[in-house]
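A quick write-up on the structure given underneath.
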Amino acid sequence: MQQIENFKSIIDKYKVVFFDAFGVLKNYNGILPGIEKTFEYLEAQRKEYYIVTNDASRSPYQLADSFHKSGLNIIKADRIISSGMLTKEYLDLQVRDGIVAYLGTTKSAHYIESSGLHTLPISEINDTNINKVSALVFLDDEGFDWAKDLNKAVNLIRKRTIPVIVANTDRAYPLTVSDVSIAIGGIAAMIESVVGKQFIRFGKPDSQMFMFAYDMAREQLKINKTDIVMVGDTLNTDILGGNKFGLDTVLVLSGNTLAKDFSTRITATGISPTYICESAVIEGGDLGF
Amino acid sequence: MQQIENFKSIIDKYKVVFFDAFGVLKNYNGILPGIEKTFEYLEAQRKEYYIVTNDASRSPYQLADSFHKSGLNIIKADRIISSGMLTKEYLDLQVRDGIVAYLGTTKSAHYIESSGLHTLPISEINDTNINKVSALVFLDDEGFDWAKDLNKAVNLIRKRTIPVIVANTDRAYPLTVSDVSIAIGGIAAMIESVVGKQFIRFGKPDSQMFMFAYDMAREQLKINKTDIVMVGDTLNTDILGGNKFGLDTVLVLSGNTLAKDFSTRITATGISPTYICESAVIEGGDLGF
Amino acid sequence: MQQIENFKSIIDKYKVVFFDAFGVLKNYNGILPGIEKTFEYLEAQRKEYYIVTNDASRSPYQLADSFHKSGLNIIKADRIISSGMLTKEYLDLQVRDGIVAYLGTTKSAHYIESSGLHTLPISEINDTNINKVSALVFLDDEGFDWAKDLNKAVNLIRKRTIPVIVANTDRAYPLTVSDVSIAIGGIAAMIESVVGKQFIRFGKPDSQMFMFAYDMAREQLKINKTDIVMVGDTLNTDILGGNKFGLDTVLVLSGNTLAKDFSTRITATGISPTYICESAVIEGGDLGF
Amino acid sequence: MQQIENFKSIIDKYKVVFFDAFGVLKNYNGILPGIEKTFEYLEAQRKEYYIVTNDASRSPYQLADSFHKSGLNIIKADRIISSGMLTKEYLDLQVRDGIVAYLGTTKSAHYIESSGLHTLPISEINDTNINKVSALVFLDDEGFDWAKDLNKAVNLIRKRTIPVIVANTDRAYPLTVSDVSIAIGGIAAMIESVVGKQFIRFGKPDSQMFMFAYDMAREQLKINKTDIVMVGDTLNTDILGGNKFGLDTVLVLSGNTLAKDFSTRITATGISPTYICESAVIEGGDLGF
């Protein structure tokens, strides 16, 4: 069984740290107590850091804002790479005009808007505008009527040959200590199997998000992949994705993967992190700077 | 390309005919004009017939009633075998007491009730009764709040090791000439992939429904499988299922499979019916009895 | 956690017992020591029993013969229902003439031969006879050249719209205490995904094998499903299949499912047996007859 | 239906062109007649070009060499990005020592060797060296005994928690005008489903290969994604992958996708290229330079 190591001693070996958000910096109870110390230490040591998150429900500014409101003031919007940003880049590059129909909240739709594109909730698609729809985006599991709007989405996809984008690959997310909630990625997989077409997915473990963060880090520092460590709580997104991109990885036990079963799950999935730590929090005594 | 044959000349070769309901006897416009002639002919010829349908939303009595209301008076409840009946048999045999939680309408739940079992919509499951739940059944895509109740279903399945039964394997069903609707089988497949457990499915192409009908037919006539022909509109349920059970099959072009593409779909799926007919309607002049 | 119970006290409650073969009656070391006592007891008590096995590599006579050679003399061929028998019944009913191409040993092919059909190993299919092929059957993982003959199978299926039958649904089988071997069901799944067509599968957990055994038992005794118990070592074939067919089930810990992890696997899969026993061997002192 | 356009008029709009190899530059008959003109034109116009290929059977030098032998002399090894290169980069970054077991030819193994790593065909793995194996790589469908070595691979993966890398995502490749061959990606998918673990896959449609090519192009020219067009013959690798990475795409009809059914397949899959051309060959009269 792999040993649990000290988080600070690990990040001391790298110049850049990528963090998952949910299960690493925060959970259903809010921000992890003491996590701000980790970022103070990184800044003091002039290490670069980025938050790499499968979250398309809000813009980086809104995500940063939610960190600030929870007392984690240090993280700025330009440190956050989300699967929603990849979705926006895709729309900017590949969808030039027309209506982008979406499933999600109004808030989630606003930040993907691009010049030339008009976003419209799927509920407002009808016979008069269906032929102007140039893409459909799955953004968030909230903000729409599942029964009515998922059926509308199925029929839109059957009638129009348009790109369908899934802005979050997660199938479920933790809601409380005991409950989970179906994520938009799980809903999209159902629709995909009903219509038999292949959707475009953005999010970990796909390497595109890591590449985005890597490009940003390289603008700041002269580094290569061996200078970066990815910190996450989920084997099949954070660890598999980081590993596949060529990064060393830290599995933290503060989220999806629990201390009591990380060993069984590593063996069962075959996905091995480089290191395992209790959490991404640096203990007070450890700081020593 | 396979030839389109005359329906009457085919059923003349068999003693028993199994029919799918939707796409064969009726569609979104109601009962197929003239279909009652087919059943009059079968009765006149003393051939046995059964309706074998992936429908768990209503009991055989309610299904027969809906045929009668649409003008097809000849079909009695005891001629109808539905995936809901298999679900009821399963609960009778395997679930002895406790609460059966369900997704569907109240009507769909009533007829699966068994002695010793109490059915309760998933919306009424809570901390005080969750430990008494002994099974969860997916019955119908209507009668519940998808967003709220599907999330409740996910968490029930995560917390309790109970059998989960899907009473209809279809992923979608036709709503109008151009639109489909997601069926409870499609919803159940999403939940199955989110929780990672294996559900119990009843419905074509599984052979259990054909066996049920075969047992009923053998109580009436001394027959074997070569005396039966299965008539359906869908390759991967009716035709694959009938074929696998060892029955000859007729693909009719009045429902899911259209005259313009049956040939392509047979080649693409590798599922071949024994015969192909326009529909299960016997033309007036054909009757001659 | 479910309790481990005494096997004799369980079978005393039923009139008919269905047994899986591999992992229950025998394993890679041969026949389970003492298992003949179980069958002596069943015969003394005038209980019916059947062996229900996903094995298409040999006929029931050859299977019985291999039991006899290993010292289990009591089991006759007419007590054995195999997925190979379903395959033979399918060919008898649905494939009237032409060549049945197969992957497997010559021995496995002989017993599926029917009047009017000629079996030929896939290696002997060529341009002159390909148009006479009326079915392809996956029988056994031995007896052919995987690289050469699997590629021939792919191209045969692409060129001809014929039924493809998989006579064993298992993906792997135990070879020694530590090693497994890829089964013909695993190989067939690969070919299915490469060609994108749907194959016809025979074997547990599908209910067709249970129905076959049930029909045979009803010819001997006036029983219904509550009089039968299914004994198996594998959750997702024996237990799920028996359970779905409406039978009570015994999980034995002498094969695929080990004493150290049955509890975890029941929770993970959601598949619950009615009872759990060490093995199907009745201890000497238990017999008392 | 989308119109077929002139290839030269399309590439005139871009600064960089990415090409798939098989089905675009060559097929089972060898190099496409006249394709060298396309590269002469690109060089004359000082446009950058890269070959982006799901081929892990040979190194870029060996691939370039095979182009030269077939009469396409212009393409140098440093223009070729293969899924094998990503595999090598992964091993360099993530697997520091020990034995890399492989399935493939000796040639395919040589070029992935890294300092500190020793490659060994799976056939040479045994009880004395199995604990030194630090990764398993699926490289090529040739060079090993399928029956023996695939079973060894299954048991290696069951016994050791090591990364398993699939260096080519294709399930099949064309062998002649009418036959295909199972590719190493198809074989790996079978093994993945037998062992129930998640492998690491390199190749289109994953964006990692496009990123690799994009990084190389940016070292030569100051460009962004809108300056690049991806040319390929396969919707679900070349076109989906290019599109997802944010590139415009050209579907050519000289390989997997045929003139007679491109329209049906675009509708069926939902994957739309930006343009469609007969082939990547520039007609003599078109050149005019």
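Side notes on the structure shown:
A, B, C and D are the chain letters, set down in written order, and residue numbers restart from 1 in every chain.
The definition used in the following text is that contacts are C-beta pairs under 8 Å (C-beta built on N, C-alpha and C of every residue); 3 or more make two chains touch, one makes a residue touch a chain.
Every value quoted in this text rests on a predicted model; they were computed, and no experiment measured them.
Steps from subunit A to subunit C, minimised over paths through touching chains, total 2.
In terms of the distance between Cα centroids, subunit D is separated most widely from B.
Between the Cα centres of subunit C and subunit D there is a gap of 41 Å. The mean-CA centres of subunit B and subunit C are about 28 angstrom from one another, to the nearest whole unit. Each chain gets a centre from the mean of its Cα atoms; for subunit B and subunit D, those two points are 45 Å apart. Among the residues of subunit D, none is found touching two or more other chains. A ring topology is adopted by the chain contact network, closed into one cycle in which each chain touches exactly two others.
In summary, the structure contains touching chain pairs A-B, A-D, B-C, C-D.
Within the complex, the subunit B residues that touch subunit A are 141, 145-147, 150-151, 154-155, 158-159, 171-172, 178-182, 186-187, 189-190, 193-194. Only residues 89-90, 93-94, 157, 161-164, 195-200, 206-208, 211, 225-226, 236, 240, 243-248, 266-272 of subunit D touch subunit A when the two sit together in their complex.
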